[in-house]
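Each structure below is given as structure tokens.
In what comes next, chain A is part of two complexes: it sits with chain B in the first one and with chain C in the second one.
For the complex of A and B:
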């Protein structure tokens, strides 16, 4: 068993603020959208919380962004620019989650600080962090003050279009967060990845024959 | 007039000084001959009177000689001998007009229903020389001889003290000249057999702000020498044309009026639309303050129901209190002359915010998306809490960012009836097809729909309550099946500036296809798309099912390892 420092402090701070914020945004978002069906708090409180937490999560995003832009750890997202190898590894990872994992096959991905994500994580996290999350931030910001950003709102097709995009992304995250948490339990122990996200260190099982 | 005044004075004396009259009566009975001689002597001071006339005046020169008519009125029988002696008719003598009087049988018992009935009958004598047809040539008499409501000859010219008109005209003030006839019951015949009053209240005229104006200042073409004959199809048309004269002095106000919905309606042929005189009166024109009081505001004449609602509102209640002129009355919000269409544009909201200067900030303190709310929700939608609300989806040019008007050739009325084949209000797909077709044709630059929450009627828009009663609970609107979203209309601005509303199915606010049509209106929680709710439910179920399924598979296959 070896220990690898996979999660630097800025990443861990960002992650837990982000995770907490996402859950809070989902809860308050559900309350805002389903007044009358859910009574966790008043509509006004839910809107206020949703707005404030939204700004915190937006600000927090830049911790992640600036860290990776200023660190060589950004290689974790692109360990090598070899598309053929990337697709081969992606296919192998899909086979693992779809089959090998049920048969006790070893995880084909062996993380290190510069290659800590498996190919599926790499693809998904980049889509999420560079596309979906910014879309949610932008649409959320526009909805926060529709008149202030009326030009952008009109450009996107109107407030209903902006809101529909925001809700569709919200629906995606509602799904994603379940799966994300579940995938977090697929370390060598169910809590290994969670601990690593607190301590920064991931315990790595020795590969047979290594 | 002089006769009327004299008669009125006699009546006063008859009613107020009965004792004097009784005394005169006794005096007449006891000393008829002596008194007759004395009065005859008085009358004979005018040498132009004939002996026969002097005989008549021996009785009729008596002050207070009168007769009580069937209706209780008193008819003076007094004739001023001196005045008659100076009249243009003195050469005719009494018998010239009273040829039916036979001194052998006089007085004959004759009765009349009223003094006016007597005078009208007497006028028939005048017409023996001054025929109706000849008088019609003179416009000043046209109404008189054409109408049973016109004054009798003596009511203008006096019965006995008839002067030369040229001399009289020269000496009388112009307004007084006009009032000679128009100060009395005077009317013109209408095509339908009715009468149009031409009378005016002299006292009101004298109290108006136009006191210093002569009649001809407004009534061009009328003077002591000229009197046009109106050729108007109706009194209304006459009022409308006559009101044009106001612009001579009030050009600035007229320019404002010309921009108003009232002027637009009038231009469109709606003769009921008000002109200057409908609000300010024709002759009893008061100072500006007259029209800014609860009692004097003219708007209520046409907008009675709305004014009643206003009176019950906090504004109306405040204004009704003495001295509370700060509270708004009609013109403070709608303007006095350039009255705009109330249900379109931002003018009324601007009027609210002009008085309630801190309103934007006070809303900002608690209302998210304040600017959007203030734009998309009309003030009464919250501040008239008992009003029924609805969502109006106005046709909007997304490129020009202006409301689309019917006058741009959309033929929207025809289109919407064609689109709504069942006549039950446009549903989401029908609306989608309508917008798509219009945009395909390129009739409008880019048609979209802009939503606005408003109250359903003008009456409800005036039921404003105190601030503390205003809707402040977000749940009122931001919840499923909230009341305001149960009524939806589609509207287009008509050529006259007013919106034409068409019913739509409430589903247009929550249908997936409305993302493309009603893109400019959305109320979180209240108009959410149901399909997205289903997707959310599937996402949550899927989010749970994936781990559960995966875990299940892992456990089931664990024994195979």
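For the complex of A and C:
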């Protein structure tokens, strides 16, 4: 069994702080939003916790960003500028998830530290990490102190618009976490990807090659 | 040390040779590649190499035979097996032949550099010149000068690609169903035409 070092330490630190932070943000966010329905903590406590955890998660994002900006492993997030190749590999991966995986077919994607995501994951993480997450940070920051950022809030269409974007992205992330955990079980063993996110090493299945 | 350490990469897949070349040339090594066993032996006959990397499965002459012939001619040259077919039996055979390493594909640039350094260290240690190994692997001065610019250019390129990535991803995500339907219509249409013509 070959072992590949796919998840460097800064990425693992970022990942687990981020995971804990996201769960805590979802719980406190639900408490803030549905104050009459849920009684986990007082409204004030939920708001304070949500704000503090939000800043921790924003700071933590920069661990991830700075690591990748200073590492050639950032190639894992680079866009594939060859559409023909991209669509061919994407449909191959979709066929695997839609059928091959249930018949024990080999995964068409062979990860390495510079190409650790399959085409579907790559597309998803590019959009999530580089667009949706920053959008959530910005809207969260604006809602944290509406008065201070009143100019920016008005520019975006008012508090209602900013709040709606923040809540829609929150709903997306609440679902994303479930999908993310499910896909995490699709390694060569159900716990393989989880172990890799603790140890950094992913066990690769042997395949006859050159 | 004035001369660069010389590395020979033997693999019928030219991409492997290019990968080694890309990684090691930047570090001051002189990399030669061969696509077959006979080509590798021809290289070896005309030049002394500091380390040889070879694949196992190659048409004509396999990596074990290449290793055996190299060891017969230059027993002091470290040979490292690089394979995607890393079975225990292959590893045992490689050990009997006296290889300096047995590594499995795919290899990262760090792994390529690491195994090269290890093989060179072993060679230098074998020649009772432990400090020479350190000197042999030092990058050449002109490479150090350009490395700052390379770093700046690399960070700029990374940032630009990262900024573009989510938008390229969005374009792909939006166009994916249309491309899928288009392909389905194309192949379905072709199959129908073929059936119509056959009928």
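The criterion applied here is as follows: the second predicted complex is superposed on the first by the 204 of 210 C-alpha atoms of A that agree within 3 Å, B and C clash if a C-alpha of one lies under 4 Å from a C-alpha of the other, contacts with A are read in each partner's own complex, and residues count from 1 in each chain.
We adopt the following convention: a contact is a pair of C-beta atoms (placed from the backbone, for glycine too) under 8 Å apart; a residue touches a chain by one contact, two chains touch by 3 or more.
Since the model is a prediction, treat every value here as computed from it, not as a measurement.
**Student:** Does the chain A-based superposition show chain B and chain C clashing or fitting?
**Tutor:** Aligned through their shared chain, the two binders fit side by side on chain A.
**Student:** Does the superposition put A:91 against chain B (first), chain C (second), both, or neither?
**Tutor:** second
**Student:** Please indicate which partner A:123 is in contact with in the superposed arrangement: first for chain B, second for chain C, both, or neither.
**Tutor:** A:123 contacts chain C only, not chain B.
**Student:** Looking at the overlay, does A:101 come into contact with chain B only (first), chain C only (second), both, or neither?
**Tutor:** first
**Student:** One more residue to check, A:177. First (chain B), second (chain C), both or neither?
**Tutor:** First partner only, chain B.
**Student:** Under the superposition described above, what is the C-alpha centre angle at chain A formed with chain B and chain C, rounded in steps of 10 degrees?
**Tutor:** Taking the centre of chain A as apex, the angle works out to 150 degrees.
**Student:** With both complexes overlaid on chain A, does A:51 touch chain B (first), chain C (second), both or neither?
**Tutor:** First partner only.
**Student:** What is the contact status of A:114 with respect to chain B (first) and chain C (second): first, second, both, or neither?
**Tutor:** The second partner, chain C, only.
**Student:** Output check: A:151 vs chain B and chain C. Expected answer is one of first, second, both, neither. What do you get?
**Tutor:** neither
**Student:** Using the superposition on chain A described above, determine whether A:32 touches chain B (first), chain C (second), both, or neither.
**Tutor:** In the superposed model, A:32 contacts chain B only, not chain C.
**Student:** Quick one: is A:167 in contact with chain B, with chain C, with both, or with neither? Answer first, second, both or neither.
**Tutor:** After superposing on A, A:167 lies in contact with chain B but is clear of chain C.
**Student:** Could you state the shortest Cα distance, in Å, between chain B and chain C after the structures are superposed?
**Tutor:** The answer for the closest chain B-chain C C-alpha pair is 19 Å.
**Student:** Please identify the positions on chain A that touch both chain B and chain C, taking each partner from its own complex.
**Tutor:** Common to the two interfaces on chain A: nothing.
**Student:** In the complex formed with chain A, which residues of chain C make contact?
**Tutor:** 11-13, 55-58, 83-87, 104-106, 108-109, 154-155, 158-159, 161-170, 172-173, 176, 179-180, 183
**Student:** What does chain B use to touch chain A in their complex?
**Tutor:** Chain B residues touching chain A: 366, 368-369, 371-372, 375, 398, 448, 474-475, 478-480, 514-515, 518-522, 524-525, 528-529, 532, 535-536, 539-540, 542-544, 546-547, 550-551, 553-554, 556-558, 560-561.
**Student:** Write out the stretch or stretches of chain A touching chain B in their complex.
**Tutor:** 32-37, 42-44, 47-48, 51, 101-104, 143-148, 154, 157-161, 163-164, 167-168, 170-172, 174-179, 181-182
**Student:** Which residues of chain A touch chain C in the complex?
**Tutor:** 2, 4-5, 68-70, 72, 74, 77-81, 83, 86-87, 90-91, 110, 112-114, 122-124, 126-127, 129-131, 206-210
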